[in-house]
Structure formats: C-alpha cells, structure tokens
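Note that chain A is present in both complexes that follow, paired respectively with chain B and with chain C.
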Partner chain A sequence: MDYVYYPGCTLFTKARNLDECARKAAERVGFTLNEMPSWNCCGAIYNTTSDDLAAQVGPVRNLAKASQLGDRLVTLCAACYNVLKRAQDMLNGHGDALVRDRLLAFVEEPLVQPVKVLHFLEVLKNDIGWDNLRSRVVRELAGLKVACYYGCLMVRPAEVLSFDNPENPQVMDELMGVLGAAPVRFDFKAECCGGYLVVNRRDVARQCSDRIVENARAWGAEAIVTTCPLCQFNLERLPAASASPLPVFYFTQLLGLAAGLSEHELGLTSNTPTATEFLRAKGLT
Partner chain B sequence: MQRARQPRVGVFVCHCGINIAGVVKVPDLVAEASLLPGVVTARDYVYCCSDPGQKIIRDAVRNDRLERVVVACCSPTLHEGTFRNACAEAGLNPYLCEIANIREQCAWVTADRDAATAKALGIIKTAIAKATLDRPLEPVGLPLTKRALVVGAGIAGIQASLDIANAGYDVVLVDKEPSIGGHMAQLSETFPTLDCSQCILTPRTVETGRHPRIRLLTYSEVASVSGFVGNFKVRIRLKPRYVDFDSCTGCGLCMEKCPGRAESAFERGMTRRKAIYRLLPQAVPNRPVIDPEACMYMKKGKCGTCARICPTQAIRFDDTERFVEEEVGAIVLATGYELLDATRLGSYGVADVPDVIDGLAFERLLSASGPTSGEVKRPSDGKVPKHVVFVQCAGSRDSTSGVPYCSKICCMYTAKQAILYKHRVHDGEATVCYIDVRTPGKGFEEFYRRATDEGIQYLRGKVSKIFRQGDKVIIWTADTLAGRKLELEADMVVLSTAVVANPAGVELARRLKIQLDPHGFMTEAHPKLRPVETLAAGFFLAGCGQGPKDIPETVSQASAAAAKVLALFGQDKMFHSPTTAEVDEDVCVGCGYCERTCAYDAVKVDSARRIAVVNPALCEGCGACGVACPSGAISHRNFTRQAICSMIGQD
Partner chain C sequence: MLSSEASRWPNVRQAPTQPPVCLTHCFAHPKISVQVSSHVTEDPRLGQIEELSGQTVADCYQCGCCTAGCPIGTAMDPPPSKAIRLLQLGRAGELLASEGIWLCASCLVCGTRCPRGVDYARIAEACRAIVLRGRHSRVDPDTVTEPDLEEIPQQAFMASFRKFSV
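Let's look at the complex of A and B:
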C-alpha cells in the first residue's frame, strides 16, 4: 500500500527521528510513505493569528498539490494533522464557499479530487489492522508500562477531526497493546502540554507538562508515548530537574522497535539519554 | 343498476368565533351550500360545538328528517365525536355524520376571503359526496378480560397494581429482580420531607406481596404478548431461582453459610454478596435465589452447603426456566430507569477512581441497610470523607457525551444527600457544583434553601475534569458567579449521572411496538391530555420508563394509569370503531399482500379458504392494505374507492 506523505517542517529539523523512524517502520509493517514534492508549511504557525485566510493558504496549497498525487494524505505531526484536516473539512464544503474559491484561486494549484487526511495511526488501525500488525511484531514490548499522551490537537475539535473519543482517546493505547506493551490509564491524555508557551512563558508550560508527567507516573507509567514533536519536547525537557524524568518516545519509535528496527534506526540519539538507558534496562535494545 | 335516491343532507357551518368567520364569508357559504343537490337545510352558528349549537343540529335531524349531516368546522380530531353523538341522540346513525374541515385546512391557511369562501364550499361538497355514500355502521363489540398485567414492580408498578387490585380486579405483577421495590428500595431518605424510603415503601411491598388479587411473579420477564386490547395473551418467563418457592421459609440459614461471592449490583458494586442471596432484609417475597455464576456447586460441583443445611430441603440445583401464560385485558408498563453508565463521561474518570460514585451508590452509603450500615465511609479505604463534592448534570443537559434532557430529580436528591451527609459527618464539608438549581415542586425551593442554610456550599459552574491525586480526588471546575477557575480537592465525589430509560424496558417496548422517543423513553398518546396512555390500545404508562420523575409524580402517574385501566374494565364489553378494512371474499385471491403490509397484524390470510380475514379489533383503519391489494378486494368501511372517486370528482 502506498500513501502520499506530508512530513511537515519539524520532522525535518528537531523531530527528524519521528520522520525517519516512521518511514522505516511503515515499510516493516506493510506500507510505503511517498513524500509529496515541494510541500510547504502546513499553516500551524498562523493558526493563532486573527487572519483566518492567511492561515488557510498553507494547508490548502498542500491539499491541492496532494490531490494531484492521490486521494489520501498521511501525516504524523499532531499540529499538521489538525490544520490539514480542518482545511480539508473547509474544502469539503463546511465553510464559506467564497473564501474557498478565493483560496483555491490564490494558490494556483487545481484541487483535482477530494483528499482524505489520515494520521499514521489511522492507517495502522484501519488499513493495516491490529491482527495483521500483531503478526509483524518480532520483538514484544512485554511489560512496558506506557502512558499514551494524545495532547489537544489530535482529538479536538472532535466534530471535525472525528479521530477518537475527545475525552478518552484509545487508538494509541490499542496500538501499544498490540505491540505487547501495557498502556496505563491516566487522567491527562488530552490536556495541553503547554505548547508554544515554552517560548515565552516557560513557567506556565512547565506547570502544564509537570502535571501530565506526574499523573502518568502516579498511574504507574514508566514512559510516555506521543505523536507530536512539540508535546515530546515539552514533556521530555520541561519537567523540573528535581524529578527523575520519564522517557518520552514517539509512537513510531516503539512501533519500529517492535517491528525489528535497529537501535540506530530508532533515532534515539535525538531523545534525551534517559530514553536509551530505559530501553537498555528493559532489555529491548 | 338502479341509482340510489339522493339522501336528505343537512349542512351546518360553524363560525368558530372569528377563526372561520373572520376569513370565510359564512352567509355566502350557507347560501351556496343550501343550493347543493340533496341539501335540505343549511344553517350556521357561532359555536356549533356549544350546547345550543348541538341542539340546532339535533332539532334539524328530527324536524327535517335528515339522513346525512355535514358539519363544516374544525378538524375531526377535535369535534367529530361531539357531532356524531349529537346525531346519535337525534336518532341518526353517527357514522352518517361527516366533518368538513374548513378551519385548519381553509380559514387558517387562506388569506383572501373570496378564495377562502370558494375553497370552503369545495370542502363541503366533498364531505357531502362522502356522506352520501356512507353506510350506517355499528361499533364492533369485543369481549373483555378484566385482569391487568403490570410490568415492573418499582413504586410505579406497585402503586398501579394496588389501585387496580383494590378496585376488585386481578393483577399479574412481573419484575425481573428477585424481589420488588425497584430503585426506591435502594434509597435512604426521600426529599423534601426526609422520611425514610424503606419506612414508606415497605407497607406497600408487604400489601402487594399478600394481596389476594395480585399474582406476584418476581425474577420473571415478559417473553411475548399477543392479542389486542381486552384480550391479550402474555407469555412470562420465570428464571430459575434454584430455590423452591413454596417450601422455602426465608429463614436465611443458607445465606449465612454460603461461601460463594459476587459483586452486588444492588449495592452498586461497593460490596460483595453471597452466591445465594436476597436484595435486602425486607425483601418481598422473602425468598433467596442462587446466582449460578457465583455458586461453587453449580460451577465446580463442590460445596452444596446450602442444600445440606436447608431445614426444608428447598434447594433445587436442577431448577430450569419455566413459562406461564396469562390472559389479561390491559397492560401497564412501569419499567423504570437506570443511571447513565458514567464510564461514558470520559473526563469524569469514574471507572478507575473508586471514590467517584453515582447518586444511587451514595444512597446505599446513607442507608441503614447499606454496606456501611448508614455510616458514610468511602469505598477505597473505608475512611470517613471530610469533603464530599456533588457534581450535577453528569451527562444530563450534555448532548456531546451524555443526553440532552434534564434528569429532573438530581437537584433535589443532591440537596437531600448533602444535608444527610452533614447530619452524619458534623465536621464534614459538602460542595455542590451545579449549572442551574431547578426546584419546581411542592416544598422544593424551601428544601434547597435549607441545604444552603445548613452550610452546604453551592458553586455555579460545569465540572470539566475529575481525577485522582494520591488519596484525594481533584475536581476542575469554575465559579462563574465570581468569574474564576477552581481546583477542588475532595475525599469523595458523587456524580449525579443522567437518568436513562431502563434498557430492559426499552427492549420490551421495541418488541411490543410501543413508540419510543429518541432517548428510549416510552411515548404517551398526547403529552398533555393523554399522558398515561400509549398509541397502542390497552397499553398504559407509569413511572420513569416514560421520562425522569420523582416519587410523588411517579405515584400520581401510576394511579392515573390504574384509573385508565379501571375505566376500561368498567365496561361490559369493549367497543372498537367499525371504520375498519373489510374483504370482498368473492374478489380476494389470498395473495397475502395485505398481510405483509399491515402494521397492526390485523389481516391474516386464512390458509384453508385462501382468503384474507380482517380482525376488526386490531384494525386501526389506516387503509394501507387497501392500497396494497392488487385485486381491489380490500376496502375501508365508509372510505371506499367509490367514495374517494366521488369526493375527487367534485369541482
């Protein structure tokens, strides 16, 4: 199975390990990510501005270009997923038709067919299937107690994203179960990690991240799993130095590990050293 | 064929105040109508439905020897009965009286006076055309079984059964639980008077259990219902109790010695009960049942202690389900409610936090017969909670993750629970997080005031999240009156989870084709004027199966349903409208299209004669079979093809 793939800017810089590991893990479990050429910023950084039109230019151009390559577009970063899926919803007719026409005229790329924006997790669950995936596991993550953290962007607004239950999402927990790990239930699956406040209000972002990590730890988690580069950064790097940190993995790293990727291919060097130490201690690398 | 003589027709035009006369030119209309063929008298009156108006019609029937009456007035759903009765009193068969609806279908929807007048005349012409072809009909008389079935033995079913039985009629009362009382048996005290629920309920349960006219079938379910109003046949499934009902004396020895355990649903999962158990000490009937899932003997073949020690040898490990058949004339559905499964409310995290419980569970903690003998102790560690937070509208008024409606009882039971908690734990703190406090009931507002006066803190804001932190429960909410976000720390949280229709009742209603609203509550025939009847004749509603309500309202509705049953039983036999389908046996080929079309199971093909037969007791006269019939053999009495063509043929 081949999919048009939109990596997004962070996956080429800070979150290189998310991108590289995802492509290799995909091959291992039976699908191929074909990066779309000349993609541009998804638009996430404009999302908080008052000018909604400017915020939509990026995602609409990406979707128009993707539509020339296929009818499904896979992405990984929670922010890209959120922005692209909301733009897709607008293009599908849930919005001002005039704005839509102006945007499409402006980007000068024809939208040749409706594009369905999919998260990598949706491909795993719906197209590959848990049973199929289970048969591809070569290294069970037995007994690994993980807290699956979804953040806010994956699940909300629920009526547009319709990704999972917005208050108690499950798909990553299901995936971890398939890989042999033991997902723990915790209370802060979908609360804000602090997001971009890390730039100018580090104290507030730290409060948000601390709360998530501490709650995960209280429920017995040994590691946190996430989908979003910003969440990964905040949860891994922000919590107070006094607390012993929890390793924070991308779900693709644990998928790759279970599917037989080498330690090098997991890109653990981009995580804090805790991550490598943790997997070693568990006898998984 | 000889053409029938044109019958003598009287036309009566009602002004309906200005409803009709304000638009239709009544004098012109009467003048035109009087010239129509067959019309021997045409009159008008300001309110035909009034006594003088009816007298005009009665006098005209007698004096002008009318053979057909057409009343041009409001919708037949309102006054067809009135005018047909008036005709009958004057000696004219009531089915020869027709309504020309010139209000809803003309005056109310037409602005131009001349157009309205012309249209009214057209409507009158069609009514005359139909009346001309009408035949005199007699209502269908049917036998009537004067026994009632009541499904559900909560306070609604108990009240309805006692009212019917005390009026002298037999009642079969069915409940799926081993004993009666329903949710009311779980409650501690009742608002707004704080009288003990058991104390007011047990006289009724005892009376029900001993009533010579009530056949009580507990641990039983309605398997099927056939027949029709006055003549239902009900098949009831008796679940195996594994205890012989007649020889058991209810001594309770077996329950003392039984080693098997299972989670107690009656105690809302807060404690474990024996494998042989009764719901509560005051159980009616006071006979235990064995839970085969928890019984060691039935699972593994070891134990059998109860059988060894039973003084009357009442244990029957080989018991099986049985069925009984009952014939009844009316059915009261009192299937009650359940509380919404709180695990649906993702951010309230109830499943994994033992100290977040629902309102019924808190009732058990307050109840003297509950798992803590009435001491408020929290489920996780048995400590007395010093701060309890009550969360209102947990699922109610929340169309995203719960239900859109208000559950009606939570504001009041929470005030009660908070008051009772403060009475038990003097240094305890009670906080109520609410979005509105609704107190429309006798003494309710005063009761809510009492709660605030007794120091219970009310915070207005919707709770967004509940989670565990150490041995505390954290509540994120807001105080919208002060305009600030709040994080509360509690020892225990009580969720007022939404009242939903009992799933077993929903399933039964679906099988019986009782109309349900989108939330599974049974729908009354009219929300204001027929609140305890259903659209299916012979089925009546009582209690929370129809919608959330408190005990006084439930009891009132149950007595109302009983009154409706008694009104039915007060007749010598039943009468059903004769305007039903009829089959021309010479034309019918027995193809069965009608049988497949009928929504009421009223038409069946007689396989021996290969002819469709209509059961007039079940036929609602909808006409669907007549449309489906390829050979034109089925027609509708007084609504024949000929009549319809004649009506259409009027210009």
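Let's look at the complex of A and C:
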C-alpha cells in the first residue's frame, strides 16, 4: 500500500529520527510513505482568529497540492496532523464560506477533492490492522512498561479530529500491546506538555511536563511513548535534573524495534543517552 | 436575612426563624444590589473579542470546569473562568492587560470540557490578536538565544511566533 506523506518541517530537522525511522518501520509492516513534492510548513499551530486568513494559507496550500495526488494524506507529527485536519474541516464547509473561497482563490493550485488527513497510527490500526501487525513482530517488547502520551494535538478539538476518546485515548496503548509491551494506566495521557511555551516560559512548560512524567512514573511506567517532536522534547529534556529522567520514545521507534530495525535505524542518537541505555538494559538492542 | 454567623450555618433540626427569601428581594436590597446583565458597559473591545473568537461570553455560567482542567491554571492569572467573568463584567481592558492570555498554550481542554460550549482558548487568542495588532510583540524573535535555537524543535518557534509575535 502506498500513501501520500506530509513530513513537516520539524521532521526534516530536529526530529529527523521520527521521519526516517517511521519510513523504514512502515516498509517493514507493509506500506510505503511517498513524500508529497514541494510541501511547505503547515504553520505549526492552527489559528482560530476569525479574520486571520494569512495563517491559513500554509495548510490550505498543502491540502490543495495533496488533493492532486490522492484523497488521503498521512502525517506523523501531532501538530501537522492537527493543523491540516482542522484546515480540511474548514474547507469541507464547517467554516466561513467567504474565507474559504478567498483562501482557495489565493493558492496557486485548485483543491480537486477533499483530502482525508490521516495519522500514521490510523493507518496502522485501520488499514494494516492489529492482527496483521502482530504477525510482523519479530522482537517482542515483552514486559516493557510504557506510558502512552497523546498530548493535546492528537485528540482536541475532538469534534473535528474524531481521532480517539479525547479524555482517554487508546490507539497507542493498543499498538503497544500488539508489540508485546505493557501500556500502563496513567492520568495525564491527554494533558498539555506546555508546548511552545518552552520558547518564552520554560518554567511553565517544565511545570506541565514534570507533572506528566512524575505521574507516569508513579503508575509504574519505565518509558514514555509519544507522537510529537515537541512533546518528546518537553517530556525528555525539561523535567527537573534531580529526578532520574524517563526515556521518551516516538511510537515509531518502538514499532521499528519490534519490526526488526537495527539500533542505528531507530535514530536513538537524537534521544537522550538514557533511551539507548534503557533499551540495552532491557536486552532489546 | 443573613444577620449573623449562627444563621449562616443553621442547625438543620432548628425550625426556620424566617420565611424563605425570594431572590428578587435580595437583588432589590439597597445595599446588595446586583445587576444581572452582560451589558454593564459599552466597551467596544468586548464586541471585538466576541467577533474574533466567535464566542459569546454571556453563555458562560461560571461553573469553573475550564479552570479546573487547565494544566496551566495555577500559573495563569486570570485563569479561564475568571477571565471570562471579567469580560462579562465589562472589564475587557483588565483582561487585555493581563499575563493570563499569554500563558494559554491552546491545548483546548477548557473548551472540550465546557458544558456551555464556550472555547476560552479562542477568547484568549482574540485578546492576544488585539494586543499584537497594536504592534506589541510578546516574544521578539530577535531575542531568542543561540542555545535555545540549537535545542528546541522548530515547531515550537513557529507556533510561539505565530501566537506571540507581530
């Protein structure tokens, strides 16, 4: 199976390990990500101010381009997923018609069909299927206690994304179960990590991230799994230095590990050294 | 009415000493007059905030679910429910000058849990837009330090500048 894929800017720079590992893991489990040509930044955050059209141009241009290639677009980064899916919802007629017409007239290519914005996790669950995926596992992550952290961008606004239960999402937990790991219950799987407040209010972002990590630890997690480069950064790097950090993996790294990718292919060098040590200590690499 | 501490917390077994108080009497009392209206002032900025955000501040009945769920609620001043209350009372200027609107990370927990369908993240965004359009950047991209640029993922800068810079 082939999918049109939108990587997004962070996956081409600081989160290269999310992009590269995901492409390889996808091949291992039976699908191919074809990067769409000449994509641009999605804007990283959806703008809700009613009269701000300029901020919508980025995602709308991407969707118009993607619509030439197919009716589905796969994303990996939680922010890209959120922004593109909300922009598509606006274009589908849930927004101001005048705004929509002006935006579509502004971008150089027409939107030839509505684009269904998918997350990699949705492809795994709905198109590949858990049973099929289970048969591709060559290295069970037996006994690995992980806290699956979804954050805000994967689940809210729930009525637009309709991705999973906004208060208690499950899809990543199901995936970890299929890979042989043991997802733990914890309280803050959809709580904000502080996001971009890290730029000017690192103290506030740290407070948010600390609470999530400590709660995951209290519920017995040995590692955290996430989908978003910014969540990964905040949860891994911000918590107070005094506490022993929990390794924070992308779900694609654990998928790749279970599907037989080599340690090098997982791109662990971009994580903290704790992540590599942790997997070694568990006998998984 | 509530003349003493004793009658504030009456013993349930005690016979009522006064007939039930009608609320309209309460509001009509000269010393505790309350004006129940969302239009106590004619601050044009309230209309602007409502238009930019697409929200109606009078819809909020102050249950506080938004503030309870807000991950930054303890640091945010005013927190969501109080911010909306300021708008209801015609004190938009106080909210626009506050720190609180700059601490919202648009995680959308408040709006998701609001039983009245009010999305405070949009209200905060409208407030920030009004301030930013007055050419007052909150985060100046030129002041980001080299170590931060090296370390923090791009999407954070993109989002931060989108939300906090002119």
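Operating definition for what follows: the second predicted complex is superposed on the first by the 277 of 285 C-alpha atoms of A that agree within 3 Å, B and C clash if a C-alpha of one lies under 4 Å from a C-alpha of the other, contacts with A are read in each partner's own complex, and residues count from 1 in each chain.
Going forward, a contact is a pair of C-beta atoms (placed from the backbone, for glycine too) under 8 Å apart; a residue touches a chain by one contact, two chains touch by 3 or more.
These numbers were taken from a predicted model, which means no experiment stands behind them.
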| item | value |
| --- | --- |
| Chain B versus chain C as contact partner of A:N215, first or second or both or neither | first |
| Partner chain(s) touched by A:V198 [first = chain B, second = chain C, both, neither] | second |
| Touched partner set for A:R185, first chain B, second chain C, both or neither | first |
| Partner chain(s) touched by A:R102 [first = chain B, second = chain C, both, neither] | neither |
| If touched residues of chain A are counted for chain B and for chain C, the larger one | C |
| Contacts of A:K14 with chain B and chain C, given as first, second, both or neither | second |
| Touched partner set for A:R136, first chain B, second chain C, both or neither | neither |
| Touched partner set for A:N168, first chain B, second chain C, both or neither | first |
| Which superposed partner A:R28 touches (first chain B, second chain C, both, neither) | neither |
| Touched partner set for A:R237, first chain B, second chain C, both or neither | second |
| Chain B and chain C contact sites that coincide on chain A, given as residue numbers | 158, 166, 191 |
| Chain B-touching residues of chain A, taken from the complex the two chains share | 158, 165-168, 185, 187-188, 191, 215, 218 |
| Residues of chain A touching chain C in the complex | 8-10, 13-15, 41, 43-52, 55, 77, 79, 151-152, 156-158, 166, 190-192, 194-201, 204, 207-208, 211, 229-230, 233, 237 |
| Chain C residues within the chain A interface of the complex | 51-54, 71-72, 75, 103, 105-109, 111-112, 119, 121-122, 125-126, 129, 138-139, 144, 148, 151-160, 162-164 |
| Chain B residues touching chain A - in the complex, by the definition given at the top | 345-347, 349, 351-352, 400-401, 465, 467-470 |
